[in-house]
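As structure tokens, here come the structures.
In the two complexes below, subunit A is the common chain; its partner is subunit B in one and subunit C in the other.
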Partner chain A sequence: MAFVLRRVAGAALVIFGTITLVFAILYWLPGDPAVLVAGENATEESIARIRTLLGTERPLWEQYGDYLAGLAQGDLGTSFATQEPVTVRLWAQFPSTLALTLLASTVAIVAGVVAAVSRGRWLDQAIQAVMLFFTSMPSFWLGILLILLFSVTLQWLPAIGSDSFAQLILPVSCLGLVASGRLMRMVRNSVLDVLDEPFVTTLRAKGLVEWQVLFRHVLRNALIPVVTLLGILVGELLSGTVVVETLFARQGIGRLLVDAVGVKDIPVIQGTVLIASISFVLINLLVDLSYSVIDPRVRVDG
Partner chain B sequence: MSEPAAGFVARAPARRAEAARPRLRLPAWLRPGLALPGAIMLVMLACGLFPEWIAPFAPTDMTDAILAPPGRTHWFGTDHFGRDVLSLVIYGARQSLLMGACAVFVGGLAGGLIGLVSGYGGRAVDLVLMRLLDIWMAVPDILLAIIIAAALGPSLTNTIIAVGLVTVPRYARVMRAQVLAVRSRTFIEASRSIGSSNLLIVLRHILPHTVSQMLVMATLGIGSSILIGSSLSFIGLGVVDDRPDWGFLLSQGRSYLTVAWWFATFPGLAITALVISANLLGDALRNRLDPQQRGG
Partner chain C sequence: MMITRRHAALLLGAPLILPARSFAQGHQTATPRQGGELLFGLDGAAVASFILDPHDSGFAPHNRIFRSIYDSLVVLRPDQSVGPWLATSWEISPDQKSYTFKLRTDVTFHDGTKFDAAAVKANLDRIGNGEGRPLTALPDIGSFESAEVLAPDTVRIKLKEPFAPLLRNLSKTTLGIISPTALAKHGAAIAQNPVGSGPFRFVSLVQGVEVKLERNPAYNWPPAGAAHQGPAYLERLTFKNVPEEATRVAAVQSRQVHAADGIPPQNIVSFKSASGFQVLEKELLNNNYTVYLNIAKAPWNDEEIRQAFRASLDIEAAVRVIYLGTTPRAWAPLSPSIFGSADAALKGSWRPDLARAQQILEAKGWKVGARGIREKDGKRLTVSFADTQGNREKRLDVIQFFRRQLARSGFDLSIDSQPNATYRQKLLNGDYDLSGASQFAPDPDVLSRLHLPDGRTPASVSKTDDPEISEWLRAGQREGDSEKRAEYYIRAQRKLVEKVYAIPVYVLLYTIAASDQVQGITIDVHGFPEFHGAWLRA
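Up next is the complex of A and B:
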């Protein structure tokens, strides 16, 4: 229990720190958001009025205090650009990103497990070589190649948009392939490591059938590094959506962020990055806690 | 013993930092050692240093052949201004390599320093710094790079700073782990007992033991730095001036996908080749410099 509490407290501290870090970085932004909101031909007075409206001329600590107080009530501020609450804009984009991330992790996991299980001599090595290639290429370039092949040349799939399922296929494959390179290596290596351990020989000697050894004992033991990577994978997918959503002109949180950066819509940038970081921290917290379920020994050194 | 190809071990969650970077390995029959990745890196370095000797055209040469497919004069085709894509890619090497190398330098220096202080400075300092790094790492890479780059504005220097800052924690972790490992060794004790100052111990005994690991990290870091940097360029927050880098070329080429596949394909190929080479080189280096560390 103390272990769980310590992890939760640690995660809370990290989230608070992240809030502060993002706030601090964004308020270094050169350029006055009021000027941008007002437009190019705005008069001095209207800029000043907008500045008061946005509250950007108050001292920084006061803005920070208000921001924290707002966050505590679930208020992420109001978008400079559209005057909508940031939470509304985020919620509108969230399902799209969630669908993309979930599907892409599924692709990554399935590809990883399939590659690890099909440990044939050359097939395995060929998959590994291909995966090295995928992990080393920028995700947007892989996306471009996919568009070239499936949309431009073969004309099977739509390249852009986010209205139908067909439009989800290319971005999901793109994200999933980049992520599965690492995941596959991880799954494969940890399965192989566990297979080398003495207890596997013992189990076999006891007369257990091979699938029982694999599914009941080996996979359970191989899970820990894989679960670790899952936490990291989600962080990567969250990052990846920024690029992929831009490339495939999809709606979503990443797209919202890129657009907000363009017009220096600070509350939206802040909200987007916070949501992404908080999900990342929470997922890693869950991952940490799940270790003790998978392997009771972990609690001791946790 | 199994072959080191299967040798990545990370069972306990305590190894999280390492687990984040599973080793990139080619199967044995494809593994070129240092030769092939080294050669690719050398060629790219040459392109970065002397593009005017290597490139067949100047990057500003506009010809009448607009968006011409790859052919005898223009091996990689031409872009929407009729410029030679091969030459653009060659000239782009300088910006991309410069960005990667400088970002690694910034990240490695800052991270190394933090790791050193954290590892050598005692428990309280260590605790504070490690929690800070946790926060630092809690913002996913590209998101952090985006907000830093957005705060600073798009330019080569700012891209380097943004990418460098994002990668600080990974260097700090490796440095700290190395320092902690060396710190408790007997020869440090011996040196202290004959009255060496902390500065001397750090410079003479601790740092030399961390060099090989940091070198490996730096080599591996070039790849990821270039990936993050090119993503920034792609979004429009990276290098935007008249000497485009690969990421910028790629994002330009993207607008002409349907009519000129070569424009986006070749800069992407260059990035990928560079990242693969850096990863393989880092991995080979690790095996050479530190055979004991093979396991992870």
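Up next is the complex of A and C:
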């Protein structure tokens, strides 16, 4: 229990550190948000009025304090650009990115397991070759190829939008193939390592069917390094979504963030970073906690 | 399904290899069909959010949506004269400081509010005497003083000074009329809850992604000359923001959207020759895409160096290579169709002259140094182009092309791409060498916003401060006689080009590629799409 508490406290500290750092960076970056909000025809005096309205002329520590106080009450502030609550803007975009990221990871894990199980055979080689090919390809370029082949030429799948499952297939393939190549190889190697362990031979000798060996014993053991990497990859996948979301005209956190940075919409940037760091930390926390579930021998107390 | 040769060609981005066929001829006689949803792919590379407040967005992709939701007091006719719309007639006082409009009495907004003089007043007061920050449309109403309701169907606009551009500006999307009830209710949030009196009414939006509209069944007041009277044929109209041009083209080709705008040149060429597709094009009334040298700063404070810079450029070649003949090069700041454009007057007014450029630079003491870049007193002839929009309309490709041309005379040009916030800060501080911009405009007075020192916005990239030009531009605002007005603006444009305060680059044609299922999309005189007459074949 102490272990769990310590991990949760650590996670909170990471989130806190991240938002503090981002706050400081935003504060020092050039560009006065009031000038951007004020629009093209603004006079000095109207810019000053907006500065007061946005509260951006106050000292850093004061703004920071207010931000934290708001956070404590679940208030992420109001978007400078559209004057909507940041939470509204985030919740409109987050599910789309989450679906994209989770599905892309799943594609990579399944591909890794399938490759490992069919080690050395054509399927393994094919998966590995395909992954290597796509990992070394910019996701932007791959995305365009996928669109030309599956939307324009074959007309099987939609190129744009984020309403239906069909609209997920191309972006997930793009993100899964490019960003998850490493994850897939990790899964494959990890599963292979376990397959080579003596206890697997013993299990087989005891007469267990191959799928029982795989699902009950091998995967369980192979998962530990994989979930660790998955934690790291979430960050990578989230950044990969920026390109994919733009290319496939999807809504999502990645695009929201890029747009917000462009117009220095500080509350939205803060909110996006917050939600990204929370996801990142949560996944890593779950990873840590899951060690002891996956393999009871792991005790990270010491 | 097999990948045929045609498909392979598509994959390689080659033009479709199929015989051309003209649609307009085949279907001209067809009767418009009611119903259906038209999906339109919008070129919104820089659309972070949809601001559906006409008074507060000068951004072209937003304005392309406005025309479907909002009507204007007057309409700009194809011959560039102003005609009635929500206003049936008007009178201008002899001192040109008071405009009295008679209004239609049969118009209602989407929320049921009646359109009347009070509605017009509410709109103009909002822009002219707004409490909050100044709205984008503020310069469009010039020296606005007040609006008076004389009768339910009569409104008078009073100006402090004569402002001749007013009437034409009232035809702009940016002066579209919003329901006063909705304005009072939503305030700034009108941008996400637009209520106008146009052929389509707002249903919903997903920020940065799509805007859904539906037919306004009561619509019966399009301007004379519209495709038809009465409500729109389409049941629904959805704008989908597709920032990436390759995807936008693919969405049309795969028929996932019925039509899309912002089609890149190579695809315009292939859509034109493809069967099953059509291309619509029209000049966007625009202050052309123009490169501005920051004349407040060395080396551009020396006119001869500016001449050397321009003489190093071959704009004709750059525009031809990059736009594949789909768009003409510009000679004047104002695009050719705008009343008062000096395009015809300036055609051929200067030519690229590398020898002269080199000669000027030599004479000024700029000697060729390392890697062919000129140097003087230990300083290199390095200049940077400030940009925030990325390769919108292939503008950075043009600048790259210029870069190679400039290298031949010893200029070292770099591109300084910055996020909007940083870019704007640099402009405000005057901390840039050159930059480029365009601005849509039905009236030549747009030049005042760019080149009058006190008319400029903080975001302006032009630093022109020429007493003669200022005087002409002010005279143009006061002059009631159209002929004389045009003369002032032509003079100003001549001098802008002669002194190299502005280097016009290309004339933008607004383009739409559509599948042959779509009929009746039109582009208005301003260069914005209209869907009132659009319909889908079964």
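Here is the rule we go by: the second predicted complex is superposed on the first by the 276 of 302 C-alpha atoms of A that agree within 3 Å, B and C clash if a C-alpha of one lies under 4 Å from a C-alpha of the other, contacts with A are read in each partner's own complex, and residues count from 1 in each chain.
Simple rule for what comes next: contacts are C-beta pairs under 8 Å (C-beta built on N, C-alpha and C of every residue); 3 or more make two chains touch, one makes a residue touch a chain.
Because the structure is predicted, anything quoted here is derived from the model rather than measured.
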item	value
First (subunit B), second (subunit C), both or neither touched by A:I144	both
Partner chain(s) touched by A:V14 [first = subunit B, second = subunit C, both, neither]	first
Contacts of A:L123 with subunit B and subunit C, given as first, second, both or neither	neither
Contacts of A:S277 with subunit B and subunit C, given as first, second, both or neither	first
Subunit C versus subunit B, contacts on subunit A by residue	B
Partner chain(s) touched by A:V261 [first = subunit B, second = subunit C, both, neither]	both
Contacts of A:L247 with subunit B and subunit C, given as first, second, both or neither	both
Partner chain(s) touched by A:V152 [first = subunit B, second = subunit C, both, neither]	both
Contacts on subunit A seen with subunit B and repeated with subunit C across the two complexes	29-31, 144-145, 147-148, 152, 246-247, 261-262, 264
In the complex, subunit C residues that touch subunit A	1, 3, 7, 10-11, 13, 41, 46, 48-49, 51, 56, 58, 133-136, 138-139, 188-189, 191-192, 206-209, 240-244, 246-248, 250-251, 253-257, 388, 419-422, 424-425, 428, 457-459
For the subunit B and subunit A complex, residues of the former touching the latter	2, 6-16, 19-20, 22-30, 131-132, 134-136, 138-144, 146-148, 150-153, 223, 227, 230-231, 234-237, 247, 250-251, 253-254, 257-258, 261, 264-265, 268, 271-272, 275-276, 279
In the complex with subunit C, residue positions of subunit A that touch it	29-33, 35-43, 46, 49-50, 81-84, 89, 92-93, 144-145, 147-149, 151-155, 158-162, 246-251, 255-256, 259-265
Footprint of subunit B on subunit A - complex, ascending	10, 13-15, 17-18, 21-22, 25-26, 28-31, 124-125, 128-129, 132-133, 135-141, 144-145, 147-148, 152, 182, 185-186, 188-190, 192-193, 196, 224-225, 228-229, 232, 235-236, 238-240, 242-243, 246-247, 257-258, 261-262, 264, 269, 272-273, 276-277, 280-281, 288, 291, 298, 301-302
